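Okay, so here's the structure we're looking at.
The first chain written gets the first letter, and so on, giving A, B, C, D, E and F; residue counts start at 1 in each chain.
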Amino acid sequence: MHLRVINPTVTTSWEADTLALFQDAASAGTTVTVATIAAGTPSIESRRDEALVTPCVLRAARQAEADGCDAIAVDCMLDPGVHAAREVVGIPVLGPCEASMHLAATLGHRFSVISVAEHHRDLMIEQARRFGVESKLASVRSLDIPVLELEDDPDRTFAIMVQRVREAVELDRAQAIVLGCTGLAGQTAAVQRALAADGIRVPVIDPSAAATRLLETIVAMGLRSSRRTYSRRAGATSSWPEPAVAG
Amino acid sequence: MHLRVINPTVTTSWEADTLALFQDAASAGTTVTVATIAAGTPSIESRRDEALVTPCVLRAARQAEADGCDAIAVDCMLDPGVHAAREVVGIPVLGPCEASMHLAATLGHRFSVISVAEHHRDLMIEQARRFGVESKLASVRSLDIPVLELEDDPDRTFAIMVQRVREAVELDRAQAIVLGCTGLAGQTAAVQRALAADGIRVPVIDPSAAATRLLETIVAMGLRSSRRTYSRRAGATSSWPEPAVAG
Amino acid sequence: MHLRVINPTVTTSWEADTLALFQDAASAGTTVTVATIAAGTPSIESRRDEALVTPCVLRAARQAEADGCDAIAVDCMLDPGVHAAREVVGIPVLGPCEASMHLAATLGHRFSVISVAEHHRDLMIEQARRFGVESKLASVRSLDIPVLELEDDPDRTFAIMVQRVREAVELDRAQAIVLGCTGLAGQTAAVQRALAADGIRVPVIDPSAAATRLLETIVAMGLRSSRRTYSRRAGATSSWPEPAVAG
Amino acid sequence: MHLRVINPTVTTSWEADTLALFQDAASAGTTVTVATIAAGTPSIESRRDEALVTPCVLRAARQAEADGCDAIAVDCMLDPGVHAAREVVGIPVLGPCEASMHLAATLGHRFSVISVAEHHRDLMIEQARRFGVESKLASVRSLDIPVLELEDDPDRTFAIMVQRVREAVELDRAQAIVLGCTGLAGQTAAVQRALAADGIRVPVIDPSAAATRLLETIVAMGLRSSRRTYSRRAGATSSWPEPAVAG
Amino acid sequence: MHLRVINPTVTTSWEADTLALFQDAASAGTTVTVATIAAGTPSIESRRDEALVTPCVLRAARQAEADGCDAIAVDCMLDPGVHAAREVVGIPVLGPCEASMHLAATLGHRFSVISVAEHHRDLMIEQARRFGVESKLASVRSLDIPVLELEDDPDRTFAIMVQRVREAVELDRAQAIVLGCTGLAGQTAAVQRALAADGIRVPVIDPSAAATRLLETIVAMGLRSSRRTYSRRAGATSSWPEPAVAG
Amino acid sequence: MHLRVINPTVTTSWEADTLALFQDAASAGTTVTVATIAAGTPSIESRRDEALVTPCVLRAARQAEADGCDAIAVDCMLDPGVHAAREVVGIPVLGPCEASMHLAATLGHRFSVISVAEHHRDLMIEQARRFGVESKLASVRSLDIPVLELEDDPDRTFAIMVQRVREAVELDRAQAIVLGCTGLAGQTAAVQRALAADGIRVPVIDPSAAATRLLETIVAMGLRSSRRTYSRRAGATSSWPEPAVAG
């Protein structure tokens, strides 16, 4: 199948890493392509950012369907535009937050999310509530490193990430971890190993991989979200200006 | 105070009625102005519509603050962009759904929302959950009349509206009603009278009035939403094209 | 409109301050009068106190209606007799706790209540649950100063109050504060300023003002609680002795 | 042990039946006495009634403790004054609603309450929420016979009662029944038999018996409600007039 | 009545203490007998242990009914096989966890469970959720002493137990305590006294006694769990080998 | 990978169909083997049946691990022994109920389960609560056909199944369907087509396929349930007799 990953920011430099991350997570028969949205914000760190990128996520979703893709993942832990996109296309659309929270819930009683910044906490809680799994959310803990400094000192970032997971397990009694910082998603195995060395064996979930695999499952099982949930409205034209295609 | 009402659609013909509705609901000392967004959809009936209008709601919110307004109401029962707008302006922003649901909760144990279309039901339930009052939501009942036909036969529309309220009271045991169809908001008193004639005395809330009065209260009490909830991010520039001013 | 504030204690010395507090909070067109109940306890700090004052709150409510008042506020964070009073009068009745909790909920995701004494905690939680907003209640923190010493050292009391708000924000992640100690309600602005000086911007709600403004809103909108919720029973006479008018 | 049953109404003619009902339900070693409150309402059918009787329930509770009683039951499904009474006496106090709802919850997943009047529904739901068992409450169904006509046609009343239980089982899938109409409490066995004849085997709980037996259990186990929950306040005098002793 | 206590382990050396514990807790008219299951595990500390003992608990339940017993208690805080046993016998079956949690809920707003081992926490939370009282569960605190060492230093064990109760009261604001470690159940009175000496008056519940007394209540009231909840299936034969009778 | 499907009944005649069902649902690289438990009941329709099969499910799980399998699915909508098995093996174990409920939740706001018999309803609700998704469960509807007659008249069974799905969508507003009757799991595509012919497009989930695909995902992502949740206890020997291998 052909999985289109929408990069819901205008930071095109992330495309190669995103492609590698999702392709690695995919099954043998899945081809991944990445599309960056045409207009929006460099990153998504607030409701305002989410609002600004969403119209172009919808456009990118329509383009994915026109390109013959079988499924769409939107690569951001806020799942921007995912539910709205289900109204405008007929193929499955899923975000890493919804996918990873449900996967985490099947692995243990309580899971924690490790996010980049403290102010993401409410947004994660709000999503857990929307997805119906809030009773399973043990905590949200954040790295509290400015995004742009995440890669300045990778060793320190990694150490903090391991420390946050440890706190989630020891203090919040988390039994599964969602590594909610896309930029670090490739390190779940390393984090699991570092904790195992300390006798802490806990599943650490890469949300991108969760979204990829769950979409493969949905496609393989021939499922589509109900039109009762996500109605497709005819004729509701929009006066939005067409942004130029990025890149 | 100066209350700016944002019409989050591109249907400028609604402006006069909207102005009258909010001005009528306001206290003596409040001046109401209405601003229609620059680009978007003719009405808001889905998540996709909500997504398409939100960026321009944010722009209109910034404009309202620049115009020296004291508070902002967004005139749609989906409260599009309200929480995101709290991040980009320093003045209070409120939507009719959040305002009327909390007001209804103070009047009785259970309230019902009368919406225009059946597919709004989930969106109303989702909002009640987000606002924390879902345990008070008795039901959502809809007129099931196409929006464009709402005014074709006003008597029939009114009769159906009264019937839905009656069902909410009799079948769902609602003790307060939110009349969640903006176009009919001016008729709350008439609906209350029609029901009283049948011995059913139930408060029927005009969401626009609820938003107006609650914003007046918030301004009078000198309150502002916490920046802990709605952080203002510096420097996150957007690549959005500037839509031409509507009209 | 004419707002009657019922002082649900026999401490008549509070009348002047209560009048000033509510009148200051009211709109220009609102006249406030205060009535102290005829018999009861000097303050309300337990379920027993609440039980002892409630019959006279009901009597005072009937008197308010007979006096031609438009609305009734009961000035105590336990909202004593408020829901029962809705059965015996036809005008709106509201308490500061219900009003301020719903107002707080519209301003942020989580709010905290600052109460005077530790043993009020459960009573506040129980009320949040009854009002349907418990999922928004971040915490209840108390001053733990004996009521009679509250005014002995106002500077110390103020400092402790600011400290409790800070703890609610920093430790419990409250995004709005309800200042649930009536005697200190006039200091919300000062508390907000003190916190702002430390970079903490959080809305601090005076419950008396919230009740006043919400009642003005309910009256202006022509709303009455449903008789389905609060039935008026005919002929259920009471054998209660008539207490002499206090003072 | 000595169990004092407080009749929280001024209807002294109920005393003999109440005594028989509780004494029948008690263990061999329990002596039951009944005390009617000194002032209040003839029956309790609203929040106003509840408010008017509660001060005298507290007085009767203190009298029970002074009389050397070991436990107190308040004989009304609204449990009037029960939690406040725990503050003013040191012996256990329990009401039939709290006792029977918890007992019902141990017998099945979902229970229904059969009440006399439709307007009791919200009061029952509110109590289930306060007691923490609302997720087990399947429904509240009412006889809808005026209280004073309950005994006019006992056969018809019984038939309606059986019918309501049947509806609770068939339509609401109740797995235990609380017969929340004190006047009919003696008929639980007959109701169970009538249903068994139709192949419906469901436990039907007499709330008075539940309160009696649970109080015996609490006394036998040497338990007292925590003073953390129900603080005894020293010196909070009341200006209440002393009502003359009824009868 | 004849109460059969099923010891759901193969540790027959516990029989005498178990008999004494339940007989002491029972009313005068109750005869207690204890039956150890025929095959299983020495203690129950995990879901696997629970799974292994349950078939023999069912067999022991059928034997109890054949022996003419009036009620069955299963003596373990995991209530192993209790709900399944209700399907296979017609007499009441109850476990100490369900009985004590509901009893605790009637005594205060929040209760804590003191368990032996940390890994029991989730199992207790899961049961509170199943029984519908999770909103009343303040915390689960564990002794963290290996079971086999519990009786090595009784004074130290007692001191730790008192300390855990103190923490539950002071830190988690528990208002009732369930002493969820069967081996120590006989010490509830001593624990209450030790805490009272420090000014902490809190009810401490022996789960075995709660189960005994609640079963006596259910039998005295003539109640049986509904066959709607616990259907008895005819003809579903089992291929289980018959384990030899223990001892 | 090698997926072992445990048939948790002694009905060996289902093995071939089970193998076909899971193999069809699996990815290309997955080999499926089926193992029937050694002793138990012919089908699982009650808590008693679940209790009787679980010990042998644990044994079969250990055998699967010894056979070098990578993951285990237990083929029954009650997920018998799944969580206990996670304690005794180190490879992932999942049941169709947990897998399909979480998958359904990602596809829409509310899902319904179609079960075979009415008395499964509570068991499904209890599982949804345990898995944390009860707020998403719209309803449980049952075929109410005796299991042994399911295949007597396949056309009638199919028609009833389609009718139940239609009711779930129309009456309960389900937006996703879990076809909780294993014997009919192969017909999800046919059911979807039959409904689509009537204009009802709703995803119908085969729980076996959901379990298969989710286990493939968990294995591919290198995840294991936390030992904090599912502790492996050393040395807790069991006195269970070894049942002879079935067949």
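Note that a contact is a pair of C-beta atoms (placed from the backbone, for glycine too) under 8 Å apart; a residue touches a chain by one contact, two chains touch by 3 or more.
As the structure is a prediction and not an experimental result, all values here were calculated from the model.
Participant: More C-beta contacts across A-B or across B-F?
Facilitator: Result: the pair with more contacts is A-B.
Participant: Distance between chain E and chain F based on Cα centroids, please, to the nearest Å.
Facilitator: Whole-Å distance between the two chain centres: 31.
Participant: Could you give the separation in Å between the centres of chain D and chain F, each centre being the mean of its C-alpha atoms?
Facilitator: Going by mean C-alpha positions, chain D sits 44 Å from chain F.
Participant: Would you mind listing the residues of chain C that make contact with two or more other chains?
Facilitator: 109, 122, 126, 173, 228-229
Participant: Judged by the touch rule stated earlier, which pairs of chains are there in contact?
Facilitator: A-B, A-C, A-E, A-F, B-C, B-D, B-F, C-D, C-E, D-E, D-F, E-F
Participant: Chain E touches which residues of chain C in the complex?
Facilitator: 121-122, 125-126
Participant: Chain F touches which residues of chain D in the complex?
Facilitator: 109, 173
Participant: Quick check on the complex: what are the chain C residues that touch chain B?
Facilitator: Listed in rising order, the residues of chain C that touch chain B are 25, 27-29, 94, 98-99, 102-103, 105-109, 131-133, 135-136, 169, 173, 175-176, 188-189, 192, 201-206, 209-210, 213-214, 216-218, 220-229.
Participant: Going by the contact rule set out above, which residues of chain E touch chain F in the complex?
Facilitator: On the chain E side, the touching residues are 10, 39-43, 45-52, 54-55, 57-58, 81, 83-85, 87-88, 119, 122, 126, 129-130, 228-231, 233, 236-241, 243-244, 246.
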